[in-house]
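This report refers to the structure that appears directly beneath it.
We just call them A, B, C and D in the order they show up, numbering each chain from 1.
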Amino acid sequence: MDEKDVSRTAQDSKGGFEPRIMAFVCNWCTYAGADLAGTSRMEYKENVRIVKLPCTGRIDPLFIIKAFENGADGVLVSGCHPGDCHYTTGNYHARRRWIAFRSLMEFVGIDLRRLHFSWVSASEALKWVDLINNVTDEVRKLGPFAEYKGLKQGW
Amino acid sequence: MARIGVFICQCGNNIESTVDTKSVSEEMEKVPGVVFSCNYKFMCSSPGQEMLKEAIKKHKLDGVVVSACSPHMHEKTFRKACESAGLNPYRCEIANIREQCSWVHHDKTKKTGTVKSNDLTRMTIERLKRNRPLKKINIPVNKRALVIGGGIAGIQAALDIAEGGREVILVEKEPSIGGNMARLSETFPTMDCSQCILTPKMVEAELHERIKIYTYSEVEGLDGYIGNFTVRIRKKAKYVDEELCTGCGECIEKCPFKASSEFELGLNKRKVIYTPFPQAVPNIPVIDAPNCTMIQKGKCGVCAKVCGPKAIDFEQTDEIVEEKVGAVVVATGYELMPNERFGEYGYGRIKDVINGLQFERLASSSGPTGGEIRRPSDGKVPESVVFIQCVGSRDEAKGVSYCSKICCMYTAKHTMLYKHKVHEGQAYVFYMDIRAGGKRYEEFTRRAIEDEGAMYLRGRVSRVYERGGKVVVQGADTLSASQVEIEADMVVLATAIVSRTGADTLAQRLGIGYDRYRFYNEYHPKLRPVETVNAGIYLAGACVGPMDIPESVSMGSAAASKVLALFSADEMAREPIVAGVDKTRCNACWDCLVACPYSAIEKEEVKNRQGETVRWNARVNEGVCQGCGVCVAACRSKVIDLAGYTDEQVYAAISAF
Amino acid sequence: MKIPYYPGCTLNTVAKGFDVSARESARALGFEMEELGQWNCCGASFPLSPDNLMGLTAPAKVLASAARMGDAVTTLCSVCYNVLKRTNKALRDDGEKRSVVTGFIEEEYDGSTEVIHFLEVLRDRVGFDRVRESVKRPLGGIRAAAYYGCMLLRPAGEVGIDRHEGPTIMEDLLSVLGCEPVDFPNKIECCGAHLAMTRTDVVERLSGNVLESAVDCGAEVVVTSCPLCQYNLEKSQAKVAERRAGYRHVPVVYFTQLLGIALGQSDEMAGLGENRWDVRPLLEAKGV
Amino acid sequence: MKIKLFKQEIEGSSIRQIERSSGEVLKNCYQCGNCSGGCPVSYEMDLPPSQAIRFLQLGKVEEVKKANSMWLCVGCQQCFSRCPKSVSAANLFEALRQMSLRQGKDHREIRDLPVSFLEKAPQQAIVCGFRKLVS
C-alpha cells in the first residue's frame, strides 16, 4: 500500500540533481532548534525531511541503512549537546554507538560523507540552518546514492 | 484497511502563503487508507476542532493526521479533541508543515512548500497506520514526603507540606535542625535577628503532628520511583534514649570533658555530651563518641550517673530505619570552601584571620563572645577590621568560577554589625564588584558606605601576614591605581560557598544530576527549577547553588507545592511513552539494564510451577521509565520497543520518505 | 650514589663557598655530586615569552649534557634550578619546540631528565633524618630565617619545590641542623633580582624589606639558596642601617654553608670568609 | 586623561603580537587588581600591572610602552601565582620588552654600567640583566 516510485529522485527547476536528506533528530533539542528556525522565519534548503525521535539514543543504526535504502542521498543525525541530554545520557549512547558502527557502515557500502552527525540545541536555530545548507551542498556534490536505492528494488 | 482522516491547516496565511493546502489535501486523498481529507483556515480554532470531531464520527475515522504547526504547539489540543470524539488520543499525529516547512521555505510559487508538505504528511500517515492505541499509565501515590536537610529551606518545605495535610519525614544529619541559618547573627537587609525568626519555625516543625524529625541521621539509600519510594535512613547512635530524655541538661553540665564546637566553627568548646546550641531542636543531647572516655576507654560515665530518667545508653548503636514515601525534597544546603586553600591569606596560621560564618558567631549574642566583637588570638576588641570579598569565588585558579552571590550583602552587613558594636572601629572592604541585585539590597550596601562609614576599596588582596601583633593586609585599590597596606586587627574572608561534602554521593544515591561543582541540577534552570530529572525528587535551597534566605525559603515552598500537587490525587497519570519488553524472547543479556539512564529496567525471575527459577528476563518499571528509548537501540535481540516510537512506526515513516 | 651536578656560572666564581660546601656535605652524607663534563651558562632567566626559543637553547644544552650522565641533574642556585626545570618541561611537553631547539643545538634530548634542587636531594633522596644523624656540630639554636625568594617556588605548577605560599623545606633542614628556624612574612618576596644592574634603589628597598622583616622576627642569620639574592641582601644592608637606627647587620649565608659547618667542615671549606658579614662570631657565641 | 577607543587598535596587530609573544589572553583579565596588590615593584611603576593590562585591553600599547613598568618587572611571577584567572603580567611585560628589544631599542647601555658592579656582582645578575634589558 505504501509502494511508491523509488525513482522519484527530486530535481530542481532546472532539472539538476537535488539530494534528499533524511534527518533523525531528538524531540528536545534539535527538533525544537528546527522549530525555532521556523519561528524566526529563517530560510534553508528544502531537501531535508525530519523523523522525530524522543532521543538520539533511540536511534538504531538500521534506521540509517533503511533511510538510504528508501531513497535518501544523505542522512543527518542530530541531538542535544553532550551534557544537555533531556534524558541525561542518551546522546552519549548515541555517540558511543556511532563510534562502534562507523566502520560497519563503511563496510556495508555507505559512503560516510553522506552521513552527518551534529549537536544542535533548542536555541541554535542558526546552527540548524547552516547545518542543513552545508549537508545539502556536500551531498549534492556526491550525486545520487543510486547503489543503495537499487538494493530495495533488488529485493 | 485503515480509516484515516487528514486535516491540512492553512494557519491563516502562515502556511497557505507558501503551501497549497488544497493540493496537499487532494494528494493525500490518494494515499491508501485515507478516507477523508480537507484543508481549513485555522484547525486549532473551536470550529476547526469541531470539524475534526464531526469528521471522526461521520467517517468512522480510526486515525487522524493534522498537518499544521509544530506538535510542541498543538499536539495536546488535537489529541484532546480526538479523545472527546471517542478516538484514542494516540491515534492522532501531527505533521509539522509550519515551523519546519512553510516558514523556512519562502518560495512564493508554493511549489517547494507543497512538495515538502506532501512528503511530511505522507510520512506521518504511514507512521500513524502503525500507531497502537495507548492508555495513560496510572501510578498509585504514597502521600508522605521525605525532606532531606533541616536548614531553613528544608524546614519551610516540611512545614508547607505538613500544613497541606500530608505527612513529612525530615532527616537532618546534625543533632539539631536549623542549618547554617541558626549560626547567623542578624540577616540582611532588614537586620532582624536570625535566631528570632528561625527558632519559632524550628519549634513549629518539632511540634507539628504530621512532621517526624530524624536528627543525627543520614539517608543511606533510596529505591523506587515517583509516588513509591522506599528510603533507608541511618540513625546514628546518640547514646541518649530520645524517649526517656527530658532535655534537662544536667548531663551536659556535669560532663568533665570538652571538644571543639562544630557549631561555633572552632571558636569555642562544647562538652562531649552536648546539644549544638541552646535552642536546639530537638533539645536532646548526643554524645560525641570519639571524644567520650566512657565509650572509648570505659572510664567516666558521669552523665549516666546524673541522668534522672536514666536516658544515657552507652550500648546504643546505629540503627537503620525504612520509610515509604511518595516524594522527596532535597535541601542539603552549603558549606564554605575549606580555608586551608588560602595560604596567601594566612588562614589556619594566623588566628585573627577568620571566615564569614565565624564572624557571624562573634557577632551573635549567643556566640562565644556573647556578641562582642573580640578577635580570637587575644580577645582584644579590634580597632580595624578588613573584610575581603571574593575569596575563592570567581577564582578559576582555585577551581571556582562562579559568584557566591551572598557575600557582597553579608559583608556589608558585617561592617554594620561591627560598627554598631565597636563605634570607633574602622571597617575596610576589598571588593571586585558590588552585586546587590535584590529588593532593598543596593540601598543596604550604600548604607554601609554612606551612613556606617565602611571604607570600600575596589581591588583584591594579594596577601595577609602578621607583623607586631597586627594583621597586615597588602592589596590594591585599582580606582586610585595604588598599592594599599592596612595594619588591621582582624581579617574576615568572605570565602566561597561550595556544595556539601558528600553531595555527589547523595546525588548518586538519589539518581539526580549535579554539576562540576557538585551543586544539584534542576530539571530545567528556568521553567522547572525545583524539579530534578528523577521524577518525584525536588530541590530546595543552596544545594542547587549559592542563594540567600528569601530565595531558599521560596524554593522550599515551591518544592512543597510541587509535592502537594503530586499528592492531590490518589493516582498519577503518566504519558504512556514507555518501553516494554517482549518477555518470551528476552535472553537476559542485560544490555538494556546497563544502558538505561533511569535504572528503570529490572531483572525478573520466571518460575515454573514447582517454584524453581527457569529463566530470567528484563522488565520495565513503567513508573520509572521516561521513554528515551536508549534500551530499544541497545537491545540486541530486538525485544524491547518504545510505545509511541516503535520500530514499526519509525520504519513506516522512513519507507514513506 | 652519584648525582650529576650542574654548578652554573656564579658558583664557579663569586659563590665558590656555596659550591664547595655543598660538594663536601654530599661526600659527608655518602654521595657524590658529579659535575657535568661540559656545561655552559643556563641564561640566568627563563624566557617568559613562549615564542622565544633562542632562550631555551643554552639550558637545553645543559640538559642534554646531563642526560648523558644520568636520569637526574641537581643544582644549587635557585635561578639555574628554575631555568633548567622550566626548560625541561617545555621540551618534554611541546614536541614542536623540542624539535626546533634540539635541531639548533644539534643534540638529541627528549626532556626525560629530572631536574632536582639540592634541597630536594637532601629531603627526598637522602632524607632529613639521615642528615640529622650525620650532624657533628649542632648549630646551637641559631635563629635562622630561611629566605626562599621567587625562583624556587614560582610558578608553582612548574617548579615549586614546596607549597608556594608557605614553604618549609629549608626550615625543616635548618631545624635538623640544630638551628631555630624563624618564620618571617617576606620569605617568599622578591629581592629585586637583576634590577641590581639598573635600579639599586629598588633592590635596596625590596632586599631591605626582606632583611628588616627577618630581623624583626628575631633572625640572627638569613639563609638563602641563590647567589643573586645573597648579593642583593648583603649589598642592601648598608641602606637598612642608614634608615634604621640601631640596626645590626645580619650575616647572609647559603644553606649549604650551615649544612657544611654542622657536618663538621672547616670554616674555609664552607667558604665562611667569603661572606661580607661574618657568621663566625655568631657561631662562636652559640658555642658551635 | 581622555582616550579614544578604536576597534582597529583593540584588535590591532600589536595586541595580537603581544598575546602571541606572551602566551596570555588579555580578555581573561577581569581587573581584580591582585597582581598590582602583590607585585613587589608595583609601587614604583607608572602603570601597575593591572592598569597596564587594562590599557592593553583597550588597545593602547603605546601608553604601556612609554611607562617604566616593563623595565621594572623582574619576572618574580607573584602576579601569576595569585591571579584568579591565571594571567601572568610578567609574561606580558616580557612580551613588551621583547617588542622593544627586537627592534634594537635597549633599555641599558653596557658601557654605562659601573665597573664595581661588573666586578663584584654575580654573573647571573649580569647575564639576566642583559637578557631582560639589552637586545
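The rule is short, and it goes like this: contacts are C-beta pairs under 8 Å (C-beta built on N, C-alpha and C of every residue); 3 or more make two chains touch, one makes a residue touch a chain.
Predicted model, so just to flag it, every value in this text is computed and none were measured.
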item	value
Comparison of B-D and B-C (more C-beta pairs in contact)	B-D
Subunit A and subunit D: spacing of chain centres that average the CA atoms, whole Å	53
Chain centre separation in whole Å, for subunit D relative to subunit B (CA means)	47
Whole-Å separation of chain centres (CA-atom averages), subunit C against subunit D	26
Subunit C residues counted as touching two or more neighbouring chains	164
Shared interface positions of subunit D, touching two or more other chains	78
Pairs of chains in contact (touch as defined earlier), listed by label	A-B, B-C, B-D, C-D
Residue ranges of subunit C in contact with subunit B within the complex	163-166, 185, 213, 216
Subunit B - residues contacting subunit A, complex	32-33, 70-72, 96, 98-101, 103-107, 112-113, 115-116, 119-120, 123, 126, 513, 533, 577, 595, 597-598, 626-630, 632-634, 642, 645, 647, 650-657
Subunit C - residues contacting subunit D, complex	8-10, 13-15, 41, 43-45, 47-52, 55, 77, 79-80, 149-150, 153-156, 164, 189-190, 192-199, 202, 206, 227-228, 230-231
Residue numbers on subunit D that touch subunit C, as the complex places them	20-23, 40-41, 44, 71-72, 74-78, 80-81, 88, 90-91, 93-95, 98, 107-108, 113, 117, 120-129, 131-133
Complex contacts: residues of subunit B adjacent to subunit C	343-344, 349, 463, 465-468, 472
